[in-house]
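Two complexes follow with subunit A in common, the first pairing it with subunit B and the second with subunit C.
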Partner chain A sequence: MLEPINVSLESLNLGTLTPMLIAICGALAILIIDLIKKDLDKSLYVMLGILILAVDLGSVLGQQVNVRGFFDVMLMDGIAIVSQVIILVGSIIFLPLALGKKRFHEYKYPEYFAMFLFMVAGLQFMVATDNLILIFVGLETASLALYTLIALHNRERSFEAAIKYFTMGALAAAFYALGSAILYALTGSVEIGQIAQALGDRNFEPIVLILAAAIFMIGALGFKLSMVPFHTWTPDVYEGSSAPLAGYMSIMPKVAGFVVAIRLFEFMIQSGIWWVHDTLMVIAVLTMVLANITALVQNDVKRMLAFSSISHAGFLMLAIVIGTTKANSALFLYFALFMFTNMGAFTMLWISRHKSNKFHNRYDHPFEKFAGMIRIQPVGAVIMALFMLSLAGIPPFSLFWGKIYVISAAVDSHYITLAIIMALNSAIAAYYYLKLIVYMFLKDPAQNDGTAYVKNASKSLQTVIGICAFVTLASIMFVGPILDTITYMMQVSGF
Partner chain B sequence: MESLVYIALFAPLLGSLIAAAFGTTPKTLFTGIVTSSLLAVSMFASMILLAMAVSGAYIHVELMEWIGAGDLYIPFGFVVDEVSATMMVVVTIVSTMVHIYSIGYMEHDIGFNRFFSYLSAFVFSMLVLVMSDNFAGLFIGWEGVGLCSWLLVGFWYHKKDVTRDVNPSISPSWAANEAFIMNRIADLGMLIGLFLIYWFTGSLQYSEVFAAIGDVDMTIVYWIGIFLFIGAMGKSAQFPLHTWLADAMEGPTPVSALIHAATMVTAGVYLVIRANPIYDVVPDVGYFIACLGAFVAMFAATMALVNRDMKRIIAYSTLSQLGYMFVAAGLGAYWIALFHLATHAFFKALLFLGAGNVMHAMDDELDIKKMGALYRVMKPTAIFMILASVALAGIYPFAGFFSKDKILEVAFNEQTYILWFVLWVTAGLTAFYSFRLIMYVFFGKDRHTEWGAHPHEMPNFVLWAMSPLALLAVIAGWFEGWFHGYATNLLPDYAFSDATHHMVAMLIAVTTAVALGGIIYAIVRYRGNGPKKPTNVNSPVYKLLINQYYIPVIYENVVTKPYAKLSSMAWSIDMKVVDATVDFIANSIYGAGSTARGLQTGNLSKMLRLMAAGVAALLVAAVVYGTLR
Partner chain C sequence: MDHILSVLIFLPAVAGILGFLVDKNSAKTYAITVAAIEFVISLWLWMSFDGTNSGLQFVEMFPIVSSFGINYYVGVDGISLFLIVLTTFMTMISLMSLTITDNVKNLVLSVLFLEMTMVGVFVALDAILFYVFWELSLVPMLYIIGAWGGPRRVYAAIKFFLYTFAGSLIMLVGMLVMAYLYYEATGVWSFEITEWHKFVLPFEYQLWLFAAFFIGFAIKVPMFPFHTWLPYAHGQAPTIGSVILAAVLLKMGTYGFVRFSLPMFPVASVYFIMPIAILSLIMIVYTAMVAYAQKDIKQVIAYSSVSHMGVIMLGLFAMNAEGLGGSIFLMISHGIVSGALFMLVGVIYDRKHTKLMSEFGGLASVMPKYATIFGIMLMASVGLPLTIGFVGEFLSLLGFYNVSHTITLIAGLTIILGAVYMLTLYKKTFFGPVEHEENRKLLDLNKVEMASLAPLVAVVIWLGVYPKPVLEPIDNSVKSLLSFMEEKTEALETRYDNSDEALEAIEEAKNIIVVSQNREAE
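Here is the complex of A and B:
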């Protein structure tokens, strides 16, 4: 005879679940609306999506810090809140990009927006827990939704991208499952906190098994974060996706991935498993360098941005390797700033998107397309240049502050060599960002009317660009307060 | 209180930003109106602040911390005291009138909005310069006005370069660059001065610097005084950095009136006045400043004697009057320098705006020998310009009389009789060339109908905008006694000896005589059909003067060309050594990129294999590590 299980509602602390529930219910609502009345305009779903995400954001901001809930599965610590805020703000910026002037296949389906909200919920689950199983569930929810979003773009390259991403994702999922299984076998728990405790109790023996678990985890998360050698999907997938989605992918899933990586690797690094530390460092440096030099030789702006985002990820992996509070805070500050700049850059590409490729038979956005843009579309060229300069880390634009804090965290922890490598890589990166500026400002125009640059322009896209440009420009004003908030959040969650 | 300071300071900036928002669009009248009204707001705020400064209330505000690094703490601080309140009122009055005037003057210019954006930005920078409570803020304003001057002188940047015989200033963009580069040289001196101040007094706040200057080694104070004055020489176009001012006349005339007559060029004088505690410690430097000032006064006046370009004549007269101000400041009569600065701002701005009216009537013709008899058609302008010229010549009871005569008295009182004599002669020259211009332009034979000019007066509101300046050009001098009491609350008083007191009437008589003589001679010489015996244009003296003592040519041959040679030499070294090295590094990295690209085949099977291989390799490494440990 089983004992009836009594659980008091208070102890469940359902409040910790509300953010994700809002997103999921919102997604279901969109599906229901579509069932009731077909063929509603996409703008309704966009606005609905923004509204849902705004409410979601409100409920995240209303969370108490460091609360567990739902049988201790949920964990709303500072890091979870900060990362969810970044994810939600980025998602809110992403949605209006559906309102371009041209019609694209995916936006015809309300499912696109529902799927997007499911993905957001998945990412939120990933960051708001330290339970390996829930992380897995969140990861897969987000990924499966994302594969579909990519494929919905309905071009040959999109299907190819989705298939590649899916297949490699499956392998990564296998790595993740293996890694979790080993950790569970060693410790009998799936909660990272308890795993750390148990491993510490047994003095990190047998080390080979622990390392094997760590390696599988590196493989899984390395795939998500596009670390070398698990990065090969990135350029192809970015190229196949629509520009906004590529911009989105280069940030939000990575934020979630980094949160998991922080939770998982930092206890290992801090308890003196130097092998993990060194491996991660080598992988991060390799990622940064390899992606940077490959980006140099790209002919397409979107592929260039894809490689550059890999190198940014490598740069940020070093923050995890350093592992101090300052480094972790810098990581999130970096993402908060990177989000606006990168979304802005990809939106600029999105604005100039046209249905037929008249500049290159394969690429949508070859460098030649932007030649002489300053004479045809001066405002657009200046804004694009602004984003490029920010990505290159030129002061006083936003990303400079992110870079400088990460590098100063490295110096503070006596990683002088790392700091130099980071600085050198920023110098290499400046080359390909400036290459676009050179094309835009110094070359003769490839065409005479400016319509190619604004084919897909609409008020909502311009608004998004305006917001991104403003944040990029004015970041100097609010970097301080944001960093203070993030640092506080890091400290209370013990990272 | 504080809000008044901020209103006075930021209203022009707001105007500038509003106008800038419409900078690329064609003319919209309201940008002119908005900027002008905001400047009027700033003007009234400045006047109230002046009234408060009169009643002895200092206002000192700190907007925010600006630089705080280690021991260095520089706030964005502003101070309203006797000196800065005077400067603020002068600057905002002239600016407001010039803004309103420009609405008419720039009416048909396609860059109308852009012009107002620059002009208001200039006023903001100028206010930062005069209101700052520390040298760093002053320097920011200093550079800001330099930048705006560059933008405005080169406002018609699309005009092509021509040779020096066609137009001595070559082109607006050339003139703008010349002004900017020449000021860079001076600013280097100024920066060194500021570094020295910070190094030896540990602060850049005026109050702290002046309190500590007494304890600093005398030699150092000498150098500080000299370097600060080098900065002042650039902004105020003192010899040998004077050539840019006449060339800067390429800018639109309201710009010349505001920047190159009334405000920016007086910044150097302001600096010396502001730094008076430093110059009091080193009277020798002050004496040098006075000598250079007297030299420039005469030097510029002689060039004005023969020039045919209306705006250049007025520019040389500005240069000459700046010389007067430096004499006063150098000899320690700071309040008199400030007083002349203020009166000069009014009548010189008026003179320039009048010249603008004439240019407008003459289709931008500047040669005074192609004008004549304009009095009939442009009566108000003619009266304004005559008023301004009389004031400039220093005839009682116009503004110039009070301030200029005081400077001559100072020179006499210091027993520097040579300085006094030079200034006395210059006063005569000033009167002569001012009225030469008046006679050529407004009286004598009509020489413009023959080349087809159709002179017409400016719209009424433009003339109204000039009238406050005209009024001030007449009455500003009457406040001398009051100003003396007021300014010496902050600035050191200047005491005349008894001997000078006895001589004052005599001095005034002598000076007035020479000025009247100059005027009468000009009138007699240029009335009717012009001079009976025309000037010999081939005489060496004439050639020397019309070619500005050949100084621009000398600069070109001695400085510009050798420098260009040196630069091209450095360039070839750079190409062969530095560039080659950099190119080599870049090419190797680029090559590495092409190789690395091979990884990216796009083949899914290869990609999966690579991933698995990565994990496998790591596992092997881990096993090796585990066994070795």
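Here is the complex of A and C:
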């Protein structure tokens, strides 16, 4: 007969679960409201969603640092908190984008917003644990919700995108499962900390199995982070999803993926398994360079931004390869700034979205669409140019600070060649960002209808753009305090 | 006034933002007024500047990213003071002479933003702050060339941008390495240029870092193999773009050498004297010859402007007070003279919409005032005594004579070559019979053009006859810079006992760096 298990409620430390529970309960509440009263306007769900996420954010900020909970499965360390804050703030920016002037199919359904909150909860689970199983659960919750969100956009291309993402994601999940299975077989544990310990004890033998596990993990996370050669889904999926969702996808799931990557690969790199280090470095450099070169020849702004976000991910992967506290802080600083700039750029595409493709028979946002925008919509053009310059790393706009901090981390660890490669890649990248600026500022207008760029503009979209533009422009004012906070959080969690 | 430098930096930017609300027909007047106020403030700065003090003045500082050592740190010394005055002066003059009417509001606002970045580069004393303004200056210039330029403007603008951007990213890596070395030695992050100056770097690091900074600055100057973007940019840019580009933007590169390379890497600077001198010499001779072959008046002036930048580079690397001071003076005079020449080309282009020499001839009889001013500027450009061009060129070459007699001699002879192509240009355009009948109807300078060109003529002659008020503060700062370099070289010597190459380089540096040529006599 089994002994009854006695668990005191205090040792469970349920406080570590509250952030996710808030998101999940919020999602359920939205579903229940829909059951009770039909035909409520989307604005209700948007505002409700923002409130839920704000409470969620509050509970994250209220967490103590470095606390474990719920049978020691949850781990609220510094990176968990920092990354959750980034994810939640990004999600709060994302939600109002549903309130465009044009009606889009997906926002009619309250399930869209419920699904979105489930996804956020999934991402939060992913970052707030070092248990391989819970990471897997979070990863799959978030991914399945995300596939549906993409498909809800309800155009042929969206279905294609969702299916493509789904099949690729399933493959990645399989890789992940295999990788974790091998690690479990080797060490008898699913907790990354204990795995590291056990592997260290046995002196990283047998190397073949560890190699297999690492390769599977690199494959799995490579899909999620769209590393070369696992990146091919990215541009199509971004193209098929609505602009705000594409912007969202380019950041928040990647933040979560990077947190898992830091937890998984950092101990391998630190313990001197050099081929993991070298493989990651080669993959990261290739990602950065190839994505940059492919971005040069794109005809559509959204596809260009898709490749640019791949390239940024490669750049940030190098921060993991470098692996110092400074590099990891730089990674999160970069994401915190990148979030605003990239969301802003995608929102600029979103407000110019038409129901029908007027400028190109395939693309929504070909470069020609923006020709001569400065003469027709000067404010819009200047703001878009601001985002592009920031993405290109022109000082003093936000991404420059992330960029120099990553490069400086590389220099500190004596990766001078790497630093030069990173710097020169910024120069290549500048070309395609400039291409849009050239179209907007230096070409003759393609049309005289100023409303073409603001077809979908509403007060809430303009507010989001305003916030993003302000952060991008004025980042010089608050990059210091943000950096200090992030560095502190990294130090306490030992990364 | 404590915050005069901040006012000087941010006035044009704030005015530029407010300018969005100004009606487009009044925008030009608005911009000229702002530029004039800015010029007056810079004159005030000059008046309140203590010329006998060789150190930094009007210093302001507050932290931006304190844990990483990035500060808002500005100040001015004798070297940067006149570059600031040059910037505000030339911006004002070029705005006054502006004749473009198409979309002029965006143009003048870009010029105001550009003015902010240019002033910022010259007053920044924090490497990252310097870099911020340095990179930011590319953006308005990209727009000015690309939107109001000639038929191939977009290509020229992008080439200009990417060339400079790529070079300065290498420089950025150099800055980060420098900051890291400083951090390793002292345990504190700092990007303050004054701190970096005090920091004695080992010889090997000096070589590498010098190379990294060299790429950034040399592209801007532009030094010989990196100069290809400039003729394109000049050829396609509108008049105001060329004026600002030649007068101020190029000086950022040479200023960078004075502010960063020389004091931070004195031994490496001496080590690389010969390669740089040879590149400068090629720059002087080769571009002078190319200039002679041009058919387009603007291209002649563009190439001659590159050629004179070569003399500035020679003077900078003379490593003595005459050469360095003369070369800084030459930066000012080159700014004024080449700016004026580009404006003069703009005048004729506005009237005939062509810049080909063959389309003109005999203009002296049709446009006498124009011919006179063009003549004066041309003389200043070839370095006629009693014009502004002579002082700087003479001192630069005199300084470099100390380093190498042969190179100075060849460079000196090239000034004659310069006279050849400039005089040919003048002959073809202004003398002889009027070959094209329609040219007889060309109007002489109008009041606005006179008003913008006359001050330039006045400055050219004033500083040519009496350069002392400018030369003296420059000389003071340059001497303190040089004695500083000397000290640093000596400090480095004590650290090496057996590295032959390093010791040799240091020994050479000690010989070449002289505060004043007549030091023994003192």
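Please note the rule applied: the second predicted complex is superposed on the first by the 495 of 495 C-alpha atoms of A that agree within 3 Å, B and C clash if a C-alpha of one lies under 4 Å from a C-alpha of the other, contacts with A are read in each partner's own complex, and residues count from 1 in each chain.
Quick note on the criterion: a contact is a pair of C-beta atoms (placed from the backbone, for glycine too) under 8 Å apart; a residue touches a chain by one contact, two chains touch by 3 or more.
Nothing here was measured: the structure is a model prediction, and the numbers come from that model.
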item: Simultaneous placement of subunit C and subunit B on subunit A, clash or fit; value: clash
item: Which of subunit B and subunit C A:370 touches, first, second, both or neither; value: neither
item: Which superposed partner A:401 touches (first subunit B, second subunit C, both, neither); value: second
item: Touched partner set for A:147, first subunit B, second subunit C, both or neither; value: neither
item: Touched partner set for A:350, first subunit B, second subunit C, both or neither; value: neither
item: Contacts of A:112 with subunit B and subunit C, given as first, second, both or neither; value: neither
item: First (subunit B), second (subunit C), both or neither touched by A:315; value: neither
item: Subunit B versus subunit C as contact partner of A:434, first or second or both or neither; value: second
item: Subunit B clash site on subunit C (candidates 278-286, 440-448 or 512-520); value: 440-448
item: Interface residues of subunit A shared between complexes with subunit B and subunit C; value: 431
item: Touch list for subunit A against partner subunit B, complex; value: 163-164, 167-168, 171-172, 175, 206-208, 211-212, 214-216, 218-219, 222-223, 229-230, 232-233, 235-236, 275, 279, 290, 293-297, 428, 431
item: Footprint of subunit A on subunit B - complex, ascending; value: 586, 589-590, 592-594, 596-597, 599-600, 602, 604, 606-608, 610-615, 618-619, 621-623, 625-627, 629
item: Subunit A-facing residues of subunit C, complex; value: 20, 63-68, 70, 103, 106, 128, 131-132, 135-136, 138-139, 142-143, 146-147, 153-154, 157-158, 161-162, 165-166, 169-170, 172-173, 176-177, 179-180, 183
item: Subunit A residues within the subunit C interface of the complex; value: 374-375, 378, 389, 394-396, 400-401, 404-405, 407-408, 411-412, 416, 419-420, 423-424, 426-427, 430-431, 434, 437-438, 441-443, 476, 479-480, 483-484, 487
